[in-house]
Amino acid sequence: MREMAFTPVQPATESQPLQSQLGCDMKLRHVVESQQFTVPLLMDLFNRARGMERVVARGGTLDYQNKIMATLFYQPSTRTRFSFEAAMHRLGGRVLSTEHARAFSSEIEAEQVEDSIRIIGSYSDVIVIRHHEEGGAKRAAQVSPVPVINAGDGNGGQHPTQALLDLYTIYRERPLDGLSVAIIGELDRGRTARSLAYLLAKFERVKIFFVSPPEMQMKPDILEYLDEHGIRYEVESEIERVIGEVDVVYQTRIRPERVADIKGLKRYAIDSAVLRHMKPDAMILHPLPRTVELDKTVDDDPRAFYFRQAVNGLYVRMALLTMLLENQ
Amino acid sequence: MREMAFTPVQPATESQPLQSQLGCDMKLRHVVESQQFTVPLLMDLFNRARGMERVVARGGTLDYQNKIMATLFYQPSTRTRFSFEAAMHRLGGRVLSTEHARAFSSEIEAEQVEDSIRIIGSYSDVIVIRHHEEGGAKRAAQVSPVPVINAGDGNGGQHPTQALLDLYTIYRERPLDGLSVAIIGELDRGRTARSLAYLLAKFERVKIFFVSPPEMQMKPDILEYLDEHGIRYEVESEIERVIGEVDVVYQTRIRPERVADIKGLKRYAIDSAVLRHMKPDAMILHPLPRTVELDKTVDDDPRAFYFRQAVNGLYVRMALLTMLLENQ
Amino acid sequence: MREMAFTPVQPATESQPLQSQLGCDMKLRHVVESQQFTVPLLMDLFNRARGMERVVARGGTLDYQNKIMATLFYQPSTRTRFSFEAAMHRLGGRVLSTEHARAFSSEIEAEQVEDSIRIIGSYSDVIVIRHHEEGGAKRAAQVSPVPVINAGDGNGGQHPTQALLDLYTIYRERPLDGLSVAIIGELDRGRTARSLAYLLAKFERVKIFFVSPPEMQMKPDILEYLDEHGIRYEVESEIERVIGEVDVVYQTRIRPERVADIKGLKRYAIDSAVLRHMKPDAMILHPLPRTVELDKTVDDDPRAFYFRQAVNGLYVRMALLTMLLENQ
């Protein structure tokens, strides 16, 4: 049990290396970026998530009924927030919730995220933060007296729990080593695509195809990371050239307002025509919400796994919360 | 107990008739419109609501402590949301809450309510939806893996749980057969008035007077429904002509900005002068909030039942939640 | 246990003196302004708060699991709201929450706070209200069927629970009689400064220095109250003249946009230079959030108590909730 009364708050200081602040290896303290997760840590998480499937089927547990999770969303995201909050409730826990902290609180301004976190950390046992600036979650973790989970930061930041549930969804169906994955969409701003690429790089003989309009290609930092880790990848702008050979199609949103040639967008969409070219046992994933890049006619195809991803998100977030709350 | 893990979601499809999708008769699945409720179903609900009065007096129950209700309000309504959430809490349950989904989530747009419902349905055991478009709740029910309750849809749509608590408030005081009711206000846009008219039509020898400014009369669809069901009604624009003979005055809001002749509005208001012409045992109901059409001097009159309606809303919504959660 | 069913709501009426409506002496009914608290009542509260430190250290209690607190915030304040909600959760209770009632509900308008409170009071066991108008909380208390707590009203109103936690933070460290306190900042609009001044006036041999830019001096009503109660005070505009002799520095926010001479603001700020002139055992308090008036270099000084205030706020609000809920 956490001793709050009279024990002075001992936040990590900026002088410590981030790695030790985040508490890597098997002792997870904060979840800021997907690179933190080693393969053994991932396997521990996934085993717990399997257990959570059984817990939910039994109606949940009350084991965490005196734990409080605070969701501090500077940007609104009803789905992600509900997923975390449902996870905490299925564990029996309690929730402090904010839909849109930035719009509401003149008090809570960007320069003061550190003060907010210190205070909210004295009211809660774990904080889930979505911040509009890249690095917002890391700043929070650096001062927080309780574990922090990054639920998305900035346009070019990360969304590590999304990548964890994406990977878990694949893991439930097939071996991760040797996997061939097409990651499609607006990749330059793709938080979920970036976080997933980092995770896939942990496994053997993985091959990644990055498919996007030329002006939205994956940024060099990710490609360099893959080079360093010896991961094969190709940068493509033609979906047809890869769709027939991949095991997983990871489709992401393309916002039409960012594309000059709207008709050209269709070349990056998954629809019944594209389905015909895919392997019969391929998996189609999408973090949702979707716009035009994923046709509703795909929903009934057995290769469509995107609603299953949402359910898996519940299990993975429950598993992650138990890891963080145990380690306090 | 609901088996979530590994059982594929089986939403109702559009090809099924709505009646069977909603699960009528004694097996209620969704609550979309008040016509769904047969008299036996209403009596089952009202008996449960009576029981809930005793449950609340004892401080509530913990029977539903592993059930989660999601309130998905595309339009804000603090009172209706709090009423549902208090009902779930008094049952021991848990709540995922959104105050204003439409303003917050660029993600959640009108064309995607189906995706949102499928996802939120995998986090929760029942969904309460208020949607800004007529038919929004029906669209939700058609794809939802869990029961959906309509908490108001569109301007010309319905608000069936309001009508249920209105009818319960009358039922607690007098027989429903033979009732004479004046429904007053902005009836062309009156969700609650529409829903109540459908419910009253289930009973014997009911007579309804629709009283409104001429440009805000009840729409023909309701009048035709009453004709088909042999219910007597009159369309009036003079409150004086009916106020002395009715058992129930159902007053609703008139937004002053919709009326050219503001002074004329007074002719539709209930105040101490009107009280003198009412039957001594009449009941005054109002779904609240009010503007000028219901004077505060009426509050202390024993015929004023509008604050009792709010309390009854808690019991009726508790009863409804138990019916829906049992049927899963 | 509260008997809800069938017992007519008995709101206090405007004709009763406020003192008896608020339920002073040892029987606290509403918390509207800090003057309500007598010294015996304060000591009862602080003893309970000490007990709550132990309750939280043990992980909280489930004693209040069938009690519902409604937080009705017409103005957003994530920190204050989270503090109350965490307090209720640590007691095992349940929460109905609104982040920004005024922006969301066209229904809930200023003139109708009385109707809203009557209705929300039938859904909950205690209401925490932040209102944008001075006197909003008092209006709520006058009609509420359940206890009301003022969480801040208007610009010139009060924020009594903040003052209670401020005083508790001092009480935990030293005797309150004989205390010398500098209250610094934008005092003409300082809800927390006003509420604290009222509380300090309850104790013996207290001396208060009000330090502010000349155009932001404490208003005459507070100074007259102190005169009537024989409390010594001085109105200063130079921080240097008092900083060396006070036991407590109560710093509050100065919004730069209100000051013509921005550079002059520095004269009211606490930084490492000011620290050198303070007593070695002085305490620095600040209700937070801060802007430029409290430098981050102060955070590591042992005299900095402002993060401890936040933790103490949890204990004091838990204590207050138990007093109010017991008295129902």
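Observations, loosely collected:
Here the chain labels run A, B and C in written order, and each chain numbers its own residues starting at 1.
Keep this in mind: a residue touches a chain if its C-beta (ideal position, glycine included) is under 8 Å from a C-beta of that chain, and two chains touch if they have at least 3 such contacts.
Model, not experiment: these values are computed from the prediction.
As for how the two copies chain B and chain C face one another, under half of their interface residue numbers coincide.
In the CA-based superposition of chain A onto chain B, the rotation angle is 120 degrees, rounded to steps of 5.
Measuring from the averaged C-alpha position of chain B to that of chain C gives a distance of 39 Å.
Looking at chain A, residues 97, 99-100 sit in touch with two or more other chains.
Residues 1-6, 9, 65-66, 68, 70, 72, 94, 96-101, 104-105, 107-109, 112, 115-116, 118-120, 122-124 of chain B are the ones that touch chain A when the two sit in their complex.
On the side of chain B, the complex with chain C involves touching residues 53-54, 56-60, 62, 76-79, 82-83, 85-86, 89-90, 97, 99-100, 288-290, 307, 310-311, 314.
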